[in-house]
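Below is one structure, written out as structure tokens; the observations come after it.
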Amino acid sequence: MRNVLRRREAGIALALLVVIGVTTAVQPGFLLSAGGWRDLLLTPAILVVLAVGQAVVVITRNVDLSVGSVLGLTAYLTGRLFLAAPDLPILVVALVAVAAGALLGLINGAIVAFARVPALVITLGTLYVYRGVTLTWAGSDRIDAGDMPRTFLGLGTRQVLGVPVLTIVGAVVLLAVAYYLHTSRGGRQLYATGSDPDAAALQGLPVRRRLLGAFALGGALAGLAGVMFAARYGTVSSGAGLGMELQVVGAVVVGGVAIFGGSGTVAGAALGAMLLLTINRALPVVGIPDFWQRAVVGVLIIGAIALDRVLANRRSRRLAAARDTDPPATTPPGDAPPGTGPDDREEATA
Amino acid sequence: MRTHARPWWQRALLTREMLTILILVVAWIVASAVVQGFDGPLTITYLVLDVAPVLLIALPMTLIIVTGEIDLSVASVVGLSSVTFGLLYQAGLGLWAALLASVLLGAVCGAVNGALVAYAGLPSLAVTIGSLALYRGLAVGLLGTTAVTGFPEPWTDGATENLGESPYPVITLGLLALIAVFAVLLHATPFGRDVLDIGRSSEAARFSGVDVKRTLLILFVLSGAVSALAGVYYTLRYGSARGDNATGMELQVVAAVLLGGVSIFGGRGAIHGVVAGVLLIGVLGSALRLEGVTVNVINIVIGTALVVSVVAPRIAGGLRVRRRDAAGQRT
Amino acid sequence: GSGDGGGDGGGGTDDVTITMLPKNLGNPYFEASTAGAQEAADELGATVEEVGPDAASPDAQVPFINTAAQQGVGALVVSANDPTAIGDALEEARSAGTKVVTFDSDTEPQFRDLFVNQASPEGIADKQLELVADQIGGEGEIAILSASANATNQNAWIALMEEKLASDYPDIELVEIVYGDDDDQTSFDKTAALLQSHPDLKGIVSPTTVGIAAAARYVSTSDAKGRVAVTGLGTPNQMREYVEDGTVEAFALWNPTDLGYLATQAAAALASGDIAGEEGDTFDAGRLGEFTVGADGEVLLGDPYVYDETNIGDFDF
Amino acid sequence: MPNAAPTLRLDGVAKSFGPVAALRSGTLVVQAGSIHALVGENGAGKSTLVKIVGGVHRRDAGVVELDGAPVDFAGPAEAKAAGVAVIHQEPASFPDLTVTENIFLGREPLGRLRRIDRRAMREGARDLFRELGVDLDPDRPAEGLSIADQQIVEIAKAISLDARLLVMDEPTAALSAVEVRRLFAVARGLRDAGRAVVFISHRLDEVADLCDTVTVMRDGAHVSTDAVADVTPDELVRRMVGRDVAELYPKVPSTPGEVALRVEGLESTGTFHDVSFEVRAGEIVGLAGLVGAGRSEIARAVFGIDRYDAGRVTVGGRTLRPGDPAAAIAAGLALVPEDRRLQGLVTESSVVRNVSSVARRRLARLGILVPDAEARLARDWSGRLAVKAGALDALATTMSGGNQQKVVLAKWLATGPKVLMVDEPTRGIDVGTKAEVHRLLSTLAAEGLAVLMISSELPEVLGMADRVLVVREGRIAVELSRAEATPEAVMRAATPGATRSDAATEGAA
């Protein structure tokens, strides 16, 4: 399994390299200028952080559609904190925003876990509610660059050893979450919960705690993304992050995280986010007008899911073949394959 | 053996749909009493005109969600059909022909979704997030910066005109007809039973001879075609064909359907509940706007209504749920 | 028409209710214009209420127009997201007795009583070209970062700029027009893409307040700072940072507060029956003095104003 | 030993699900160092009792004691922590996790910094499989495991808990004879190590073979507890049903008529090969073979659920379009599939909807379903099959296994089929209902229905079938007439390369 998964992520990474390669061939500055290099790393940073959080939620067989609204709320909160207390250390402001995001995520998680209702419905509801709260709070007010400290705005664009600070933040988040998922009991239980929630309950796994944790983490990362948004764009209006939820889910799906939970990696999701945004930037460079961008992104998402299906089919065929050629010593020999012909697989997920 | 465990009136009243209808009635009564201007005839006219596209799309969406799938690309199909309708009209095609072609294109869009979901077996949530981007991209790409306007008056008027002196727009008739068609389809035909069975257990449905794949394909085609019809209506109502028409409407439709008592897990739902759900969102919006409440509060109200409508029955049945201990129930 | 020019003579303004419908909420430009509307209403003893959608799209504006009709407000002051799409709704509102004044972004003339124009399109186009030509030394590549692809006013200005470029600025080449949808993030990313695809770009003109701020923010933190000029239409508060740090030399805008003030005065004059909106009607617009309705029911606020280092400190909106 | 407190003691334990009293008075005393059988009809409350012991359900009343100390588990985790390992009736594995991860989930061996020690974990899994004598790759995902292999993973998991009490709820239902023997060896090993084992099975021969004590339950209450040696299987059956069972295999003689189902050269790569046979009207043909031989696959292909690569299926002279169950149904074919809850029924639907789920197409007038037509049909057929349910609009999920199976049969009989294929028609069904099902099949055949019966229970096949086809490795190995079909003959044909003596033992198992 590891190998196949690795291949899946390698596939996206390869696609990303091809996009960068082709675009650079057309327009060398895309990669080989200081600005090009910076934007290549910097542009996806926020979406990467969101995608990592979303991936964790999706792995548990849930989804959080409210992330765009959470980002908007926390980005605005960041600005207001700086306005209210200009001397507050940046770290404190960031922590407050992250905590606020975690709280909003926790609300989602609590409703989902305790009322046992589908996350899609709940987070669709809180998508409206959180956005409404931001609008009510902000009204026509807007946070402008002048409202926030220079040093904070500097973080949005500064580079350390040629790598933008926000990219470093994204990478650290990615590594930390990936490490947790791979090496801790809690991480494996997140996968188990998504793989079969009923079985997880029957096994006595702390399903509720895991769900709360996943949603809180997703919310906290959306909060962090809000801070990053404020730092990078320098202005925050009540519409920040509007409609971003589908982009994030798209990135996660492109990254090979199964929408029905249980499989996929945060690294894949992060690569998916990078691929989506890099393609977005590459299209105008290779001469495809702006307007067609979304169409290309759509094709990409559908292509990625189709690819996943092909890989999964190949894997089950391999597993079946293994059972045929190398029958376990105890099971009576027989070449009857499992109910995993293409037809069956389709039914199972349809 | 008894046919029913409960008397008919309990079966009719103690349903999830009834809750939405009840809330709708209460909201209407309260709004009429409290909100100035709500009881005027214009309210009904605008309500119908406003909810028409959402209502139209919600009908096939109900069936799709009942099978346990979802179609998030509907609003993009609205945009794409609006653009093709406009472009074809501009190119000199007759309006009926343009309408037909747009609806056909919508059906094709639906068929693409349906084929990917039913025959390639891909998860509909992911597929239609992809086609949401794809169809919107095509719509915006085709029309670029321009909008097509100048549709003939009889057509644009037809989209907004009232029936004689009544407060009901002409399109009310079409809406009622489609509601009836979908209600019969879901609740009184073998096809509708198949749809419900697929939502509850697609495997068992297959073993009963239901062609699950074809059924799903049909539903997605219906969804695409009806969304395209809504796109034409949209174009005529606003007299403007644009690539960004109805952006974000998919979430409104899903919210209305779920508010109407359809289970997102599939296998449960009724057309009358969905109609009530759509109207409820319309009435809330209309009443709150009249009260001068801003869009943000309307968002909060709709979002909260959605969450409460799902959570409340759970809390009401909480005692029972706890005793039955759902963990063991599904094993 | 009863255009005797006496706004104070009408006397019917104290019970006039006015609905202010900007393109969307959460936009400081419209916040400023609504403040002007409020100021005018206070002076006139009228009431003004601001409503609006959260995203700038015409279909989202229509329910608010309908609501205004249901409420039977005296006048509706609206900045249109589409020249035709909200037309039907406006006509219905007018047939219910509501006077319709467009400001900032017009509909087709038959749908409204008056259009309060911030500046003549020619004036705006000329001013922006003047600014950018000045800042890039009269030659080189420029690009335009617009709002949404369907924004009436944007497209009109862009068309005029293209004409004028061809005739008067032969050494300046307009290489691309991109659309930021009046969204910070999109405008920001589009700016990045512009610089990427046109390494020789010398200037960006953004005739929208959201766009120019996003472009300035991007340029101010990139190596293009000082190499690529950013100008267009912006508000002083949003641009202060970038004028001070040298990214932006100068930009233009009329005063949106004045615009809202004038539109509300005009709306009140219409609603109280002081004017009918015919060409040649005149009305008194409080602190702004007297205005005359021009051809096609247009009222012109004046010429755009140029903000730069020397004067930006005097403004706060 | 008798003086020490029993490892597990339940007394008067009750549990209701809404109106359903699943368990009225559960009483069970299990001593350390013993294997205790728990038997009873379907719906007797065995699994419910097990789930209470395992912390899945909370009891409504009664006493549960472990080693003399009262316990009340709030969840499965607590039960596990207290040394109770449960293999539930339906194995619940996580398809996306590896076999190893499945076994150690939540209890992974930890290394430095509380990180999972994957190597130790894999070694642990290897050791377990060695002990069980199976050869599973510890690193393969659980996805695609056969039911038998899933069950083995469950067993490995339970053993790895090193619990003082191991409860197995019908662990052998999907296992082959060899695997059953291995499992029994492990269970005996645990017993000899002083652990307590509870074993639930509908196969009384297994009970006799493995257990020392047997408790009988009926209608959610305790009936009796005896040493296995002291009761005969017949006596157990009588106690389980509470009445004498009439003959278990009431074969009604009938004369075969026309060929109703003809299968010619059916071929599906990797699954079955060159399958040809006929079933005549009025005849019951048994399809015997080892688990995994491919009998279900043949039935699925014939019915059109799965596609096949070559061959032809004819029903009543009409050749069926491959892969089209609707066409098969129209031609008069019916299939009662092997997995009742997943394939046979829409468990979230009512009895009415289930019974009419195939025939309803015929009830429609001008495409519209006439009100009540479905209810009439359902009342008629559930009456004929004596389905027991609170009301016809009760959900199928609330019914016991036997009644569910009757609903599936009713649903197909309502279509008026010419050919009825039944796959494991009595799997997991109690003896009383079993006899009813057999009588029904017999009567139907006598009335002219062609019946193809797939069953892994040899006595059932031998008792019911007019002819027996034995499937081995996806091929029809031999056809035996009723007279020729002895257990030895069938097993010899079914077992690849089996010696005579081997076949005989397995046949008896």
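Order as written gives the chain letters A, B, C and D; numbering starts at 1 within each chain.
One rule holds in what follows: a residue touches a chain if its C-beta (ideal position, glycine included) is under 8 Å from a C-beta of that chain, and two chains touch if they have at least 3 such contacts.
Labels paired with UniProt names: A = Autoinducer 2 import system permease protein LsrC; B = Autoinducer 2 import system permease protein LsrD; D = Rhamnose transport system ATP-binding protein.
Every value quoted in this text rests on a predicted model; they were computed, and no experiment measured them.
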Practice task
Please work out which of B-D and A-B is bridged by more C-beta pairs in contact, and write that pair.
Solution key: A-B
Practice task
Taking CA centroids for every chain, report which one is farthest away from chain B.
Solution key: D
Problem - Averaged-CA centre spacing for the pair chain D and chain C, given as whole angstrom - result: 74
Problem - Centre distance in Å when chain B and chain D are each reduced to the mean of their C-alpha atoms - result: 43
Exercise for the section: Would you kindly tell me how far, in whole Å, the mean C-alpha position of chain B lies from that of chain A? Expected result: 29
Exercise for the section: Measure off the straight-line distance from the CA centroid of chain A to the CA centroid of chain C, and report it in whole Å. Expected result: 38
Completion exercise
For chain D, residue numbers touching 2 or more other chains are 56, 88, 92
Exercise for the section: Scan chain B for residues touching two or more other chains and write them down. Expected result: 140, 144, 203, 206, 243, 248, 294-296, 299, 327-328, 331
Exercise for the section: Find every residue in chain A that makes contact with two or more other chains and list them. Expected result: 131, 135, 198, 201-202, 238, 258, 291
Problem - Chains touching one another, given as label pairs in label order - result: A-B, A-C, A-D, B-C, B-D
Exercise for the section: Quick one: which bits of chain D touch chain B in the complex? Just the residue numbers, please. Expected result: 16-18, 51, 56-58, 88-90, 92, 305, 324-326, 328-329, 335, 337, 342-349, 352-353, 357-358, 360-361, 363-364, 367-369, 375, 379, 382-383, 387, 389-394, 411
Handout entry: In the complex, chain A residues that touch chain B
Key = 63, 65, 111, 115-118, 120-122, 124-136, 198, 201-202, 238, 243, 246, 249-250, 253, 258-260, 289, 291-302, 305-306, 309, 345-350
Completion exercise
chain C contacts chain A in the complex at 24-28, 30-31, 34, 54-55, 149, 176, 178-179, 183-185, 188-190, 192-193, 195-197, 199, 213-214, 217, 221-224, 237-238, 240-242
Exercise for the section: Enumerate the contact residues on chain C facing chain B in the complex. Expected result: 25, 49, 51-55, 57-60, 62-64, 66-67, 69-72, 82-88, 92, 96, 148-150, 155, 179
Fill in the blank from the handout: Listed in rising order, chain A residues that touch chain C in their complex are 27, 29-30, 33-36, 38-39, 43, 131, 135, 138-142, 144-146, 153, 156-157, 229, 232-240, 242, 280-281, 284-285, 290-291
